[in-house]
Amino acid sequence: MDKTRATLAEAVADIPDGASVMIGGFGGSGAPIELIHALIDRFAATGSPKNLTLINNNAGNGHVGLAALIEQGMVRKLICSFPRSADPRVFTQKYQAGEIELELVPQGTLAERIRAGGAGIPAFYTPTGFGTLLAEGKAIETFEGRSYVRERWLKADVALIKADVADPYGNLTYRMAARNFNPLMAMAAATTIVQARRIVAAGEIDPETVITPGIFVQYVVEVANPAQEEVLNRAGARYPEGEVA
Amino acid sequence: MSEKLSNAQIAWRAAQDIADGAYVNLGIGFPEMVAQYQPPGRQAIFHTENGILGFGEAPPQGEEDWDMINAGKKAVTLNPGAAFFHHADSFAMVRGGHLDVAILGAYEVAENGDLANWSTGPKGVPAVGGAMDLVHGAKRVAVITEHVTKDGKPKLVKRCTLPLTGVGCVTRLYTSLAVIDIEGGHFVLREKLPSISLETLQSLTGAELKLDGPVADLIVPEL
Amino acid sequence: MDKTRATLAEAVADIPDGASVMIGGFGGSGAPIELIHALIDRFAATGSPKNLTLINNNAGNGHVGLAALIEQGMVRKLICSFPRSADPRVFTQKYQAGEIELELVPQGTLAERIRAGGAGIPAFYTPTGFGTLLAEGKAIETFEGRSYVRERWLKADVALIKADVADPYGNLTYRMAARNFNPLMAMAAATTIVQARRIVAAGEIDPETVITPGIFVQYVVEVANPAQEEVLNRAGARYPEGEVA
Amino acid sequence: MSEKLSNAQIAWRAAQDIADGAYVNLGIGFPEMVAQYQPPGRQAIFHTENGILGFGEAPPQGEEDWDMINAGKKAVTLNPGAAFFHHADSFAMVRGGHLDVAILGAYEVAENGDLANWSTGPKGVPAVGGAMDLVHGAKRVAVITEHVTKDGKPKLVKRCTLPLTGVGCVTRLYTSLAVIDIEGGHFVLREKLPSISLETLQSLTGAELKLDGPVADLIVPEL
C-alpha cells in the first residue's frame, strides 16, 4: 500500500471536466497552492478540466491559487461562505459578468454539510440561517419550540488538501490553523489528493496525533516548500507566471 | 449630538461585561478591538472560526505566520493553553452553545432582537462568513455599534429593513450613546451618556426605549 | 482560570438526583472508574445522587465502575448500544427484574447523537436502523431514493470523562483507544468532569495534539494511577470494597 | 451432509476476496478469524469501531494493554501507519462508505439481502453494538456462516423471521457449503463444495438458488 505519487501532474491527471472539487484552506492558510497550479498547468496544456464546481470557504485573493483557477475560466460555480478578500477582483468581475454561479452558505453550515457528506449523514437540522434569505426554499422543523433549517450533505468528486506531514498510508497532520476545512473535505470527496510538506515512513506519525486517518486519502504528493498565498500576493505574483489576464 | 463614544470607548465598555475565563468570539473588524480592553485580572479566551481557541495579540510586523490567523485573516499569536481544531469542531463550539459571548457589528438591530449585519441589499457580492452561526450559538449575543448611521438615521429600529443575519438573537447593545438590553421584544435602556437627554436619545432611536429601573451614567475613560 | 479540583469528591459534589450522566469508555477502556466510585461514595454517605439516567456504550462488567453504580441502585435508566460483557450479571438481573429501563441505540447512532448534542444539531438522518425494530416510531425520509431514519441529539447534565493529560484550561489528550466516546461526551454535557492521569501547566500540551479543547470542560481532577476495569475484574474486585451485594 | 468447511476454512475463503490495501471491518467473534488468512503479499487495514485503524494481532498473554482493544474488547497491537480517533469519526468511516468491506456473522440472511444477526427474539437482554451501522456503511457487506443451523434448518431464507439488522444490505455469503451472491433479490450460486450435489445444496437452502453461469468448485486448503 503506497498512496504517494511522484508528481503533482500525476496526482491531478484524472480530474474530469464538470467535476466538483473541494479545496482546503481558509484564505491562504491551508490552501493547496501547488495542487491548484498543477491543475491550471493541465488546463493550459489540454483544455481540461473545465466547468468545475469549487467548494472553498472563500473566492480567492489576487491572481494565484484559487483566484487563478477562476481567472483561467475553469470554474462554473463556486460554493463558499465569504467571497471577499484583500483582492477579490478576479471573482467579483466574473460574478458581476454572470460568468460564474455563486452558492452562498453560512460558514458553520458549510463545514457541517461537508462533514455530513463524509460521515454518511444525508441531512441535518441547524438553527443557522433560520428566517434569513439563505434558508429560503429549505424545509423548516421545530424541535422543543425552536425553529431549525434542514441542510443537505455536501460531497465532491475530488478534494485538494494541504497537509503538513503524511505517510504512505495517507495519514495526515496539519500545521496550526491551516487545518480548517482540510480534514472535513478529505472525508467528503471520492478522491482526496494531498500535498504534504513532508512524507515520512509508515509508523513515523504518532497514531495519537493523526488528524486525517489514511482511509480518507487516495493520493499524496510531497511539496517540500509550499508557497503561501499571502506571501505570493504581497509580491504581486500571478499564475501562470508573468501572465496578465 | 456632539458628544459620543469613540469606537475604542464602545469596545472598552463591552469588554467590562466579559467575565474572567469567558469564551468569546469577536466579529471581524471593529469588534476585534474589544480584546484590547479586558479589565486587569481578567482573561477571556478568544475563539476564532478558523480553528483556534486561546489566540493572543498580533505578532510584530515581519514575524507573521500565515498559518496562524484569525477569522479576519490577520496574523495572531497563541496564549498558553491554546488549541487547534478543524472547522466542524470550531462550529460545534459555536452552534452547540459553548461560547459565553459573541460580540458583533450591526447594520441594523430591531427591538425584537433581529440582527442585520451581512448584506446591504442585492447589489455587490454577498458574503456571510460565520455571522449567521454565531448569532444562534453563543449564550449571549451582543452588538457594538454607532447609535446612528453616518447619515444620522437610526440603526436601532422597530423592524430590520435589510436582510437578516438572525431572528431574535441579540440581547445587548453597546452603542456610541448608550447600553441597551433587548428584553421581551423591547429596547430597555440601561446606561446612557450623562450629556445626552433621554428625549434626544429616543429621537435617535427607531423604536421605543423602555425603562424598567434606574438608567446609569455611561462613563468611559479617555482612550 | 483554573478548572482543576483537588479531590474527586469535590468534582462530583453537585450532581443532582435525576441527572442524566454520560460516562466515557468502551468497556473498561477509557472508563473513569475513580470518578464513578467517588459518586458511589457520595451516594453511600448522603443517599444522592439517585434516579440517574446513564449514557454509555455498555452496561458494566463485574462489580466495579459502571456495574457498581447500577448495583447500588443509583440508576433508573440506561442508554447504550451493547449491554453485554464478560460478566454482565449486575445489569442483566436489574433489567430482568424490571428495575432498570433500557434504551438500545446502534453504536454509530449513539456516537452521532452525542456529537449532535455537542454541536447544536437537534436532529439528523442516518441509514442505520432503517427497517428494524430500533427505528420504530421514528420519522423516515427519502433522499436520492434511499431511506433514512431521523434521530435526535443526545445531551446530558453531566459527563464523566477519563483523559490522559490535562491542563488547567481543561485541554485534554487521551490514551490510545481510550479516546472512544470521551471527546464526544465532553462536548454534549452541561458540566464535564474529567479525571486525568496527569495535569500539566498551561502551554505544556502541544496545541496541535489537544483532542478536547478546554471550552468543553468544567472540572479536572488528577488521578495519577487510574484503575483499569479489566484488571480489577480479573482480581475479582468489588466496589465498595469487600461488599457482597 | 458429511462434508462441510470448518469455520477456519470459511474464513480463509472470505479472506481470498479482500484486496491488498482494503479497509476492512470484521464483526466480533467468528468473522475476526478472517484476518488470519490474508493471502501472501496482501495486507488489509483493519478498522475497529472503538477507534483504531491499522490494528494487528493480539499481543502475547500478559502484555495486553486494555486501552488498546478491538470492538470485541480483545487486546490488539498496532501495525505501522495506525491511527486513533473518537467514536464519531470511527462511525463516519463506517456510515460514510469509506470501508471497502465488512464481514459479519448471521442468524439469517434472506434472498433480498436482509440480514438478521443481532437478536434472537424478545427473550434476554437485547444488544446491537455497531452491526446496524456496518451493514449500511461498508461498500460491500459479506456474511460468513454455517449453511444451516445446528438443528439443520436453513439460515439462508426467503424472508428473515428474526428481527432485522438491515434491509437489503448483504451482497455475498460465504457458507460452510458454498459461495453465494445476492443479486436482484435472489441467491445466485457461485461456488459449491464438489462433494455436494446441487439438489442437496438446494434442499439445505430456504430459497431458490439461481444460476447465471458456471458454478465453480469451492476448494479450500486443510487448516
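As written, the chains take the letters A, B, C and D, and residue 1 is the first residue of each chain.
Definition applied: a contact is a pair of C-beta atoms (placed from the backbone, for glycine too) under 8 Å apart; a residue touches a chain by one contact, two chains touch by 3 or more.
Computed from a prediction, not measured in an experiment: that's the story for all the values here.
Which chains sit in contact with both members of the pair chain C and chain D?
A
What whole-number Å value describes the gap between the mean CA coordinates of chain A and chain C?
Each chain reduced to its C-alpha mean, chain A and chain C end up 36 Å apart.
How many angstrom lie between the CA centroids of chain B and chain D, rounded to a whole number?
Comparing mean C-alpha positions, chain D is 56 Å from chain B.
Could you say which residues in chain A touch two or more other chains, in rising order?
As it turns out, chain A has residues touching two or more other chains at 112, 115, 119-121, 126-127, 174, 176, 207-208.
Going by the touch rule set out above, which residues of chain D reach two or more other chains?
52, 84-85, 88, 91, 94-95, 136-137
Following the definition at the start, I'd like every touching pair of chains, please.
Pairs flagged as touching, ordered by label: A-B, A-C, A-D, B-C, C-D.
Over in the complex, which chain A residues touch chain B? Could you list them?
That would be residues 26-30, 57, 59, 81-86, 88, 91-92, 95-96, 102, 104-112, 114-115, 126-134, 174-184, 211, 228-231 of chain A.
Give every residue of chain D touching chain A within the complex, in rising order.
So the residues of chain D in touch with chain A come to 20-21, 23, 43, 45, 47, 52-54, 78, 80-85, 88-89, 91-99, 136-137.
Please give the residue numbers of chain A that touch chain D in the complex, ascending.
1, 115, 117-121, 167-169, 171, 187, 201-203, 207-208, 210, 213-216
Going by the contact rule at the top, pick out the chain B residues touching chain A in the complex.
48-52, 64-69, 73, 84-88, 90-91, 94-95, 114, 119, 125-133, 136-137, 163-167
What part of chain A is in contact with chain C in the complex they form?
Listed in rising order, the residues are 112, 116, 119-127, 141, 143-144, 146, 148, 152, 173-174, 176, 207-209.
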